[in-house]
Amino acid sequence: MASDLKNLPDVQAEAGFLGLPIHRVGVTDVRYPINFDSSGSAQSTTGLWEMAVSLAGDKRGTHMSRFLEILSEFKGTQTIDTLREMCADIRDRLNAEDAFLTVEFPWFIEKVAPVSNRPGKLDFDVKISVATGGSMATEVSIKVPATSLCPCSKQISKYGAHNQRCELTLSVRFVDGATISLEELFLIAESSASAPLFSVIKRDDEKHVTEQAYENPKFCEDTIRDLAESLNSDERINSYKCSVENFESIHSHNAFAEIASGWKHF
Amino acid sequence: MASDLKNLPDVQAEAGFLGLPIHRVGVTDVRYPINFDSSGSAQSTTGLWEMAVSLAGDKRGTHMSRFLEILSEFKGTQTIDTLREMCADIRDRLNAEDAFLTVEFPWFIEKVAPVSNRPGKLDFDVKISVATGGSMATEVSIKVPATSLCPCSKQISKYGAHNQRCELTLSVRFVDGATISLEELFLIAESSASAPLFSVIKRDDEKHVTEQAYENPKFCEDTIRDLAESLNSDERINSYKCSVENFESIHSHNAFAEIASGWKHF
Amino acid sequence: MASDLKNLPDVQAEAGFLGLPIHRVGVTDVRYPINFDSSGSAQSTTGLWEMAVSLAGDKRGTHMSRFLEILSEFKGTQTIDTLREMCADIRDRLNAEDAFLTVEFPWFIEKVAPVSNRPGKLDFDVKISVATGGSMATEVSIKVPATSLCPCSKQISKYGAHNQRCELTLSVRFVDGATISLEELFLIAESSASAPLFSVIKRDDEKHVTEQAYENPKFCEDTIRDLAESLNSDERINSYKCSVENFESIHSHNAFAEIASGWKHF
Amino acid sequence: MASDLKNLPDVQAEAGFLGLPIHRVGVTDVRYPINFDSSGSAQSTTGLWEMAVSLAGDKRGTHMSRFLEILSEFKGTQTIDTLREMCADIRDRLNAEDAFLTVEFPWFIEKVAPVSNRPGKLDFDVKISVATGGSMATEVSIKVPATSLCPCSKQISKYGAHNQRCELTLSVRFVDGATISLEELFLIAESSASAPLFSVIKRDDEKHVTEQAYENPKFCEDTIRDLAESLNSDERINSYKCSVENFESIHSHNAFAEIASGWKHF
């Protein structure tokens, strides 16, 4: 085997090569299990991974298989810190200037129905991106489902008010040394909407959330401003981008609003 | 070119071959334009096509390129009849026992807002499937978006009632010689929900639809029963399958209900 | 709370109601964790669930929240047997004639690269459906990725042969008392293609799989016939439906083929 | 009706309001027909639209219905210029500082098979984004499918070489006054891959493209460098971002590479 490796030409390592530098090259759409710990509570699920490096102009190709090996070698529970270590490991083992790692997975928050106290889990999407070159940058993104109810509809109608599911997307970068758990980020986003969602709801819970939404009508614009203000006043957050999308019950299209502060893409 | 064709071995036409009969073999995920006419009004859009034939046990392979040629040769406006002809053409030109053709595309219905009378278009998904062997079978499927409002929520709450977008899916086979336009099928489905959608809505329209939904609360179960009853009493319809899915505004999951009558898949 | 429940009208339990029977009504698009055991090896991931019951004509609505409660109450590792028990539990607790349960999740099979022996995991999609009425029916479906190489392209070209990723979909119902693990079903499907996939590949593995695919050219038609023959001769299998789809490297559309034996949808 | 409009409170136009400025607020996921002209050849299809404006801190809400009205009022054929005018119209009629418009649709390029000369269409995705504030910015993005063949696999294997479908994504901003047709952008991207795709292929075409790919092996890295060099030397282009993704036939994940030059998101 070792002799085969020596004899097979290494086409990626062509001598004397010169081409444009490549900003990111790697593997994407990689499914692999992840056991992730968000401040003490770990969940196991399947992650969707992307790993890449920058490539200098004098290298024809990167070492694609090493990404998968590094991923396969990891044992145990991941945290934001271990993901940063994996990213630094990628940079070293692929001899690159910069490395990039992203993992997306569903996360569950324990919920208790507001009147019946019945327990249940609510799911939301999480995406963690890490980049390392000279320094390390980390982004945590979540998508939070909630209820939105229209103020205009409420105000002008004899009874009722159109409401619908909405989705808040929140991407943050933390101040150095700071962090916010997934659950806390979830609650910051959720509290900007008209009412929260629950998976297990009995009739007295349904009455409660229906009235809560009706008492708390919000346009997209109100929701996104409330969310942005929470983020502006949170000292752990360095920069953010947030948006809300309403799956309007009276239209087949959606309404949305977006605010960003100091946001720079990788 | 002709000489090349003769000299290149025809691997699909292997002599003396014997294997299992294949029920369907062909091409899928084919995007190709379509100008479709539903009872006098034509629209141009992009269709997603699938074309297949059955294959006898003594043939190693079908003639994949002929599907694309038949599609490319068609000029002009399609109707359900021309799609049936195309399907029969596929059967003939591929020397098959059975042929199958499906095309999916978005369709637009002209709507007028209920109070302001503003015009607008509402989009819905259409899928037409044709099969021909001994005889011809045709299925028309549509997905219709509408508003649904919860009776329980309305009944038990001081004010308000959770509502959301819902989607009705309706697949029908017509009695021989009968047909129903896409627009009419759309209206049959839409009228089973709590309220219709509009793309262009001004404030007096918003008041109207909010109140209309509130006055017309329906569970999934109510909606699907109303739709099934309309279909049962329509003499043009031979068999059907219908379902409704509510994108519940108080949950992150959906509720659904389904009724079928005499439905047999191709 | 108990008094609230008594006082809030139970709209779903309307007395004297009469409407069409509903074939399936329930919840769908429910994300919830699952720890699944396929013959001794358990994996944790996130499942996409659907749970439903039939509804008699004299009942206006079902008990939607009970589905989520039953799901939330389950603790521990799921197997096909526990999923059947959950389905029976749904039927009982919702007082229904029939109950239906489906869960979809990604599964990982341990792979070892053919020459370097490097370990890695390969992911594939699993869907398990259970229905219970008078009797129990179970379907296991998997989607297996593999490599396919074109015989015609190989035969007629001076060198090379177009190849691509393909996806085999296999749905089976077992003979009473029999079962086949997910891993074994995976290997049955995979062995019908031109060559298997690996996530971790070094250069000598790459040489091996490239040559293996070239030595094993198969049309869609060949692959599906080989798969169907394996299934026909497997005494544990009562009925099946299988298909293969090639993401053709020379086209922007896909080729596919399908064989079914004794297959009846739920 | 007019009196209703006067009497119904205008909740969005709340006096004395003060909140955070909103960067973008509007409607998304809007399906609406489009007849688009790319340098003289028009095609009709269905577009997916997004329209938004910025909102000052002293305005509680924007005028959501006006977006749909502006879209509905447009008659005739769209070009990049008419889309810019529509965007400017949105800014004026919603009294906004900035307006944003995006439309995505499939486009077809006429292709002729390389040996048989058979005609056929190849589909690719197009997205046009326009932003106007002080000045106008326009981005044209396309996704081009092609064939990629691996140099390493070719070099080290006795015969064959793994190949697969790949997808090149190209986003460009033009120098003021310059433009490039969709068809030309398509060909710039396509020529960077190992071989082009065709929808209609006969056997002598299949031989040709198989050999062409084999004679033109390219890593992701090679392809993206070739594409970036074409763009660097094109004086009509001001800035760009391009990437290629290979749906690897020997893996279940994908490989990708990306280069950007002067690229700033809206």
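Which chain is which? They are A, B, C and D, in the order written, and residues in each are numbered from 1.
Convention: contacts are C-beta pairs under 8 Å (C-beta built on N, C-alpha and C of every residue); 3 or more make two chains touch, one makes a residue touch a chain.
Bear in mind that the values here come from a model prediction, so they are computed numbers and not experimental data.
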item	value
Partner chains shared by subunit A and subunit D (touch criterion as defined above)	B, C
Chain whose average C-alpha position is farthest from subunit D's own	C
Length of the line joining the C-alpha centres of subunit B and subunit D, rounded to whole Å	28
Computed distance of Cα centres, subunit B from subunit A, in Å	35
Sites on subunit B at which at least two other chains make contact	8, 30-31, 68, 123, 152, 156, 199, 201, 203, 207, 252-253
Residues of subunit A that touch subunit C when the two form their complex	1, 4-5, 8, 10, 30-33, 35, 43-46, 65, 68-69, 72, 105-106, 108, 115-121, 123, 199-204, 207
For the subunit B and subunit A complex, residues of the former touching the latter	122-124, 145, 147-150, 152-154, 156-165, 195, 197-199, 201, 203, 206-207, 209-211, 213-214, 247-253
Subunit B contact footprint on subunit C (complex, rising order)	8-9, 11-12, 19-31, 52, 55, 60-62, 64, 68, 151-152, 155-156, 219-222, 224-225, 228-229, 232, 245, 252-260, 265
